[in-house]
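Each of the next two complexes has chain A plus one more chain, namely chain B in the first and chain C in the second.
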Partner chain A sequence: MTAMGSLRIAVFVLGQAGLASAALALERPAEPPADPLKSPAWGTIYGRYFKDQKVVFDDRVKVIAPANAENPLDVPVQVSADGLDGVEEMVVVADLNPIQKIVSYEPLRALPSLAFRFKVEQSTPIRAAARTHDGVWHLGGVWLSAAGGGCTTPSYASGDAVWQTRLNEVSGRLWPSADAKTQRLRLRLIHPMDTGLANGIPAFYIDRILLSDAKGEALARVHSYEPISENPVFSFDLKGSGPVRVSGGDIQGNKFSAEIKP
Partner chain B sequence: MKRCSLSAALLAVLALPAFTVQAYDYQLKPQAIADGVQVLVGRTENFSRENGGNIVNTGFIIGRDGVIVIDTGPSKAYGEQQRATIAKLSKLPVVQIYLTHAHPDHVLGNQAYAGVPIAALPGTTRALTINGDALLSNLYRLAGDAMLGTELRLPTVEAKSGEVSIAGRRLRLIPGLGHTDADLMVFDEATQTLFTGDLVFFQRTLTTPNADIPHWLATLDAIDAIDFKVMVPGHGPVLRDHAGIAQTRDYLKWLRDSLQGAARRGLDMPEVLQLAIPERFQRLAVLHTEYERSVAHLYPAYELETLPTVPKSRPQ
Partner chain C sequence: MVRNSAGTSAAQVGCRALISMVLATSATAAVAAPVTDAMIANDQNTPNDVLTVGMGYSGQRFSSSTKINSDNIDDLVPAWSFSFGGEKQRGQETQALVNDGKIFVTGSYSRIWALDQKTGQKIWSYEHRLPEGIVPCCDVVNRGAALYDNLVIFGTLDAKLVALNADTGKVVWTETIDDFKGGYSYTAAPLIVKGKLITGVSGGEFGVVGRVEARDAKTGKMVWSRPTVEGHMGYLNGKENGISGKLNATWPGDLWKTGGAATWLGCTYGADTNELYCGTGNPSPWNAFTRPGDNLYSTSTVAINADTGKIEWSYQGTPNDHWDFDGVNEFITFDMKKDGKTVKAGAKADRNGFFYVLNRENGKLLGASPFVTKQTWASGVDLKTGRPIETNNRPGDPGKGEKGSSVFAAPSFLGGKNWMPMAYSGQTGLFYVPANEWGMDIWNEPITYKKGAAYLGAGFTIKPLYEDYIGALRAMDPATGKIVWEYKNPAPLWGGVMTTAGNLVFTGTPEGFLKAFDAKTGKELWKFQTGSGVVGQPTTWEMDGEQYVGVASGWGGAVPLWGGEVAKKVKDISQGGSFWVFKLHKSGKAAVAQK
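So, the complex of A and B:
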C-alpha cells in the first residue's frame, strides 16, 4: 500500500514537472533554425544536443564522406572546421542512426579536424558541429546513402575469440606536415566496439582517448560512442612535433596506453 | 444500374493485377560475334531501376545438339528473356550453364533454367552459399521491380579445369582468380572465343568488392597467353585484341600504386576519395562511383601496412 502510494505521488510530481516544462516551452518556443539537409530528425537532434544554445549553419564546417556507404560497418568520414578560430569541441552525429552521437572531439592543441569510420544503420545525414569559444555551434553536414544494417550487425569479434588476446592493442604512426608546424597521427585500436543493438551482445566500446605530448600536456581528447567502427582508425592533426602518448579505455574499465614515436 | 456499375468497378479492380504485374522488358538484342556464338551486351552503367540490373555481358554458344549459356544475368526476368532470345535463334535445348563467378548480375537468372545443369567453381558456390541472400536483397534495393520474383539458385555441378565436350562443342574451362577468389573463363575451341567473366572489363571501370590485385594481375598475364581471337569481357564491348586486358591491368596497377602511396603519406579514406584520377581513365564509365567503392574495399589493408603495432606497455 505504501509503495503504491509513493508511486502515485511520484507520478503526480512528474506530471506537474511535465506541465511546468510544457508551459516554459510555450513561453519561449525554441524553434530550431531551418535545416539545409531537410532531415526528418532535425527537430529531435536539435532538442537533444543544441537546445537553448546558439546554432548556425556554416559552410566552414565540412563533412567529407562518400555519397554511398559501400560497407555500412565502416563508413569513412572526415570533419573539419579549418576556417573557424577557437574551436573548443566538435560533435559528430548521424541523425537517423539508432544511436546518433558518434564522437565528440576536443582539439586542445590540434587542428579542428578529425577522421574516423563508423557504422550506419540506414541512409542518414551526417553532421559535424563545432563549438567556438563564444558558445556558438557551427554546423555542417552531408547526406549519406546506405543499404544499412551496420549498427545491428554483430561485430566480427563477437564471432571470433582472437580479439581477446589483442584487445586495446595500439598501432599508429606520425607524419610531420610539410611546414613541420603540425603532425598527422593515425591510430588504430583493436576493439569490438559492440553497439549493444545486436541480439544478445551487450554494448562494449572504447569511450575515451587522450593524446598528450612527451611532457604529459594534453593535445586532444576524444569521447567515442557505440557507432564508431570495430577496430577503430582515427586521424588527427596535432600542433607541434615529437612523440605522442595515447591513453584511454572502454566502458568496462579496460585501459590502454602507448607511445607513438616520430 | 447502381449494382451494375459496382460490379463493373469490382471487375476492373480484379483485372488490375494482370495489367500492373508485368515483367521488366530488358529488350535483349543478341549480337553474333563468331560462328554459333552470341552475346547479350549490357549497359556500362551501375545497377538502377531504369536498367533493371542489366549492366552485364552474358552469352551463349549454339552447338551441334544443344546450347551452352555463360552467365544468366541479374534477375529471374532477365534469365527468362535470355532463354526466350535463345529459343528464337535455335530450337535446340539449353544443355549446360556456366557461371563465371559469384556476383549477383551474373547468376540471378538461374531460376529460368530449372533442370539444366548449372556449373561453377567450388569457390563460387561457396561464396553464393554464404553471401547470396545479401547480394540478392541488395540488388532488389538497387534494381527495384525488375527483380520481381527473383530468388537465389545455387550451382548444381562443379566446373573442373580442362577440356570438355558438350553439345558437339569442345570447350576449355580455365579457372582464374583476382576479381573474386574463383573466376571461371570459358574458351570455345572452334571459334577461339574467350568469355573472361569479370577478369576483364573494357570501357567500364572495374569493380573490387572481392578483389585481390596481385592475383588478378597474375591472371591477366595468363589471359594474355591464351590463343583467343574474340574476347567477351564481363562488362563492356566485345574485343578482338588485347586492349581490354591492357586497360584492366593499367587501372589495377594505378589503383594499387595510388592507394599504397596515399597510405604511406598518411592520408585517411575521405582524403583518398578526393585524389585526382589520371586523364587516361576519365573515359571509363562510372569511374568515380567505382573508384569510391574500391577505396572502401581496398584501402583498409594498405593503411594497416603503414601502422606499426606498439608493443604493449603496462596501462597507467
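So, the complex of A and C:
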C-alpha cells in the first residue's frame, strides 16, 4: 500500500517536472522530434511547416508510392490516414524537391485519403501530415528513389500548342463503394502545371480545386502547388453519393467548373 | 499560439501594449493605400506618385517637380537599375507607375514587376503564360499598367486583362478582351475613369473591329462597349446601346465587318467634358480601292461619353486612308491661350504629319500644321471643312492584277509620329513632339479577308529622307503651329517624351541614351547611356524630398520589324530590358549627414 502511495507521488512529481520542461521548451527554439526517415532536410521541413506545433510520427498515416520513380514527371502517390478521427487537413511534402509542398487537402466531407501524381527532382522522402482537430500533426512517409529532373524539365505543353485549346478541361468518373456510403472520384484536368524552374517558362499551375455536392455544399478542398504533375489526376473518397461539382482555377486567374455524374 | 498581425505573441501584448500598437500601425502602413478616383483625377498635381498613363488624365506628361532642373541636371546620376532578366529582351515601351513605396513596371512578353521604390529590389513579378500563335503586329511590347483600389491591372498579348493584388502580385480577376486567334492583342496601358477600366484593342493589321470598352475596375465586369467602326452595335450594361454611326454611310457592302480602326493606344480623358478622347487606327485592309468612302471612325479622334459609351463627336485626319496613316495618336487636352482668349482645346500629332488642334468640347478644328518637313499626300488642311487637301498621291489600283502602280509618299506608314507620346508644358505653352522624317514606296495588291491572317493588300518599303537624321524632337507652339526648336537624332525616335516645371524635356533614343533638353531652347543638357535603345516612356516622382526620373531601356518596337532600309541602320543596336532610375548626386558625406 505504501509502495503504491509513493509511486503515485512519484508520478505526480514527474508530471510537475514534465510541465516545467514543457514551459522551458517554449523559451528555447523547439527541437524537431527524431525523424524515422532520417531525412537530411527534416530540420528545414519541420521549421517551415510544423514549427511551434505538435508533431507525432504515426503509423496510421500511410504514404504509398513506388520504390523507384519510373517517370520523374509523373509519380503516383496515395496518402491516407485511415483510423485517425477528425482529420481537418492533410499536407504532402517531398523533402528534397526544390519546391517541397505538393498539395494540401481539406477532407471536409471525405475520407482522409487522396491520390495524385507529382514531379520529383531527386530521390527524396515523401511525407504526409494529417492534422486532427486537436491541432496535432500525425506524420507518415516513405523514401522514393528517382533519377530526377522532374521539376526543372519543361512541360510537354511548353513544346506543344495543343494545351491552350484544352486548358482547364475537366474529366472524371465516380464509382460508388459496395455499401454506397462513400464514392470514389477520379478527376483529370488539362494543365501544363509549370513549376517556373524550367528556363524561360514562368510558373503556371492550378492552385485550387473545390468539390461540392448537388446542393453546392463543400465536400473537399485541394490547394495544389507546382510539383503536381502536368495534366493532374486526383482520386478522392467522398462521403455520400450523387453528382459532384468541381470548380477551381490556376494562378493566372483561369477558372474551370464541371459536374461529374455517377 | 495566437499571434496578432504584428507577430507579437498574444501573451506579450498586455505588457508591451505600446510597442505592439506601434507595430500594428506600421503593419497597416505596409498594406497598400487604396488608389481612389480622386487620387487619379488629381495625379498631375501630386509629385509623390504616378498613378496613370500620361501622368494625369490630360496625358500631358508634365510634372510640377522642380528639384531637378535645367540648372542642376549635370548632377543627375543613376540611383539603381533593375534587369527584366530572361532571354526575352525585346522592345520595352512601358511607362512606370509609382505608388505607396512601389514602382510598377511592365515588360515585353506580357510581364510585370513590382519594385521597391527605395532600393529597386523586386517585390513580386507576374509572367503571363502566352499561348502559341499570338499575332502582335509590331513587337511583343507592353505600354504600362493602371492602378485602382489595391489592384494593378494590365493587358496581355493574347488580348486578356489581368488584375493583380498590388501587394502580392496574385491574380484577383482576369477577363478576355477577344479571341487572339482572330488577330486581337493588347499592348496599351489601360486608363481608370470613375471606377471604370477603359481599354481598346490592338490588331488593325488583321481586320479586327476597333472598340473602346469600360469595365468595372474592381471586378472586370463589362459596363459598356463602343465599336469604332460604323455599323457595329454598342452595348451598355448588357443592353443594345445603338450602332456606331449609320450603316453603310461611309463603308461599302460588308467591308465594315472587318474594318479595323483599332484603338490600340487607348484614350485620354477630359474631366470637364466627361469625354474620353480615343485615337483610332487605319481602316482594314490597307488597299483603299476595296473600301470607297471615308470609312468612319478610322484614323480619327473619337470623343466618347465616359458614362454612356456614346460617341459625342469625332474628327477624322485621313478620310479613306491609303497610307496606313493610323490616327491612333494620343489627344492631349490643354487650355490654349490665343488672341487673349482661353480655349478648351486638345492636340494630336498625327501619323499623317499634321499637328491638329481641336476644340475639345465639340471637335471643331482650330489648327492643322505640319510637324514634319515633307508631306507628299496633302498640301494642307481646309480649316472650314476639316478635310485634307489631297495631292493625288495614292498608289494605283491593282484591279485584278498582281500589283498596282507604286508611288513615293511621305511620311511613311510608320508615321511622322508613331505611338510614342508627346508632352505638353503649361509653363512654356509648347508641345514636344517626337517626330520622324521618312517616306515610303507603296503599292496595292489584291486582298481577301482570312481570320487571323495579315489583312493589308499593300506592299511597301521605308526610306529615310535625310542622310544625317531620321528622328527629330520638335517643340511646337499650338497657337501658331510654328516649330520653336528642334533636336535631330540619327536613328528614328521611338520613345515617349516628358516635360517638367524644372524647364526640362526628357526623351530616349535608340542609340541608348536618355536625354534631357532645355524646355525653352532645346539645348541638349544631359544624357546617359543605358546600354540598349530607349523606347520607353520616362516619368518622374518625388520621395523623401528628392526627385527621381525613371525610364525603361530595351530596344525593339516596330522599326526593326517594319523599317525597310531603316531596319538595316538600327540592326547593330544591342537588345536589353531594364528599368533605370536617376536622382541628383550627393556626396557620401552629405548623404550620411542627411540621414
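Note that the second predicted complex is superposed on the first by the 235 of 262 C-alpha atoms of A that agree within 3 Å, B and C clash if a C-alpha of one lies under 4 Å from a C-alpha of the other, contacts with A are read in each partner's own complex, and residues count from 1 in each chain.
We adopt the following convention: contacts are C-beta pairs under 8 Å (C-beta built on N, C-alpha and C of every residue); 3 or more make two chains touch, one makes a residue touch a chain.
Note that the structure is predicted; figures quoted are calculated from it, not measured.
Annotation for the three-chain superposition on chain A: chain B and chain C fit side by side. When the two complexes are overlaid on their common chain A, residue A:70 makes contact with chain B while staying clear of chain C. By the touch criterion stated above, A:145 is placed in contact with neither chain B nor chain C. In the superposition on chain A, the chain among chain B and chain C reaching more residues of chain A is B. When the shared chain is aligned, chain B comes close enough to touch A:260, but chain C does not. After overlaying the two complexes on the shared chain, residue contacts for A:170 are found with chain B alone; chain C is out of touch.
Here the smallest spacing between CA atoms of chain B and those of chain C, following superposition, is 12 Å.
On chain A, the surface touched by chain B in one complex and the surface touched by chain C in the other have no residue in common. Contact residues on chain A toward chain B in their complex (touch as defined above): 64-68, 70-71, 74, 76-78, 115, 117, 147, 169-173, 175, 184, 186-188, 233, 235, 247, 249, 255-260.
Residues 52, 161, 164, 192, 194, 200, 202-204, 251-254 of chain A touch chain C in their complex. Interface residues of chain B facing chain A in the complex, by the touch rule stated above, are 138, 141, 209, 265-266, 268-271, 273-274, 289, 292-293, 295-297, 300, 303-304, 306-310, 312-316.
Interface residues of chain C, counted against chain A in their complex, comprise 1, 86-88, 127-129, 131-133, 162, 170-174.
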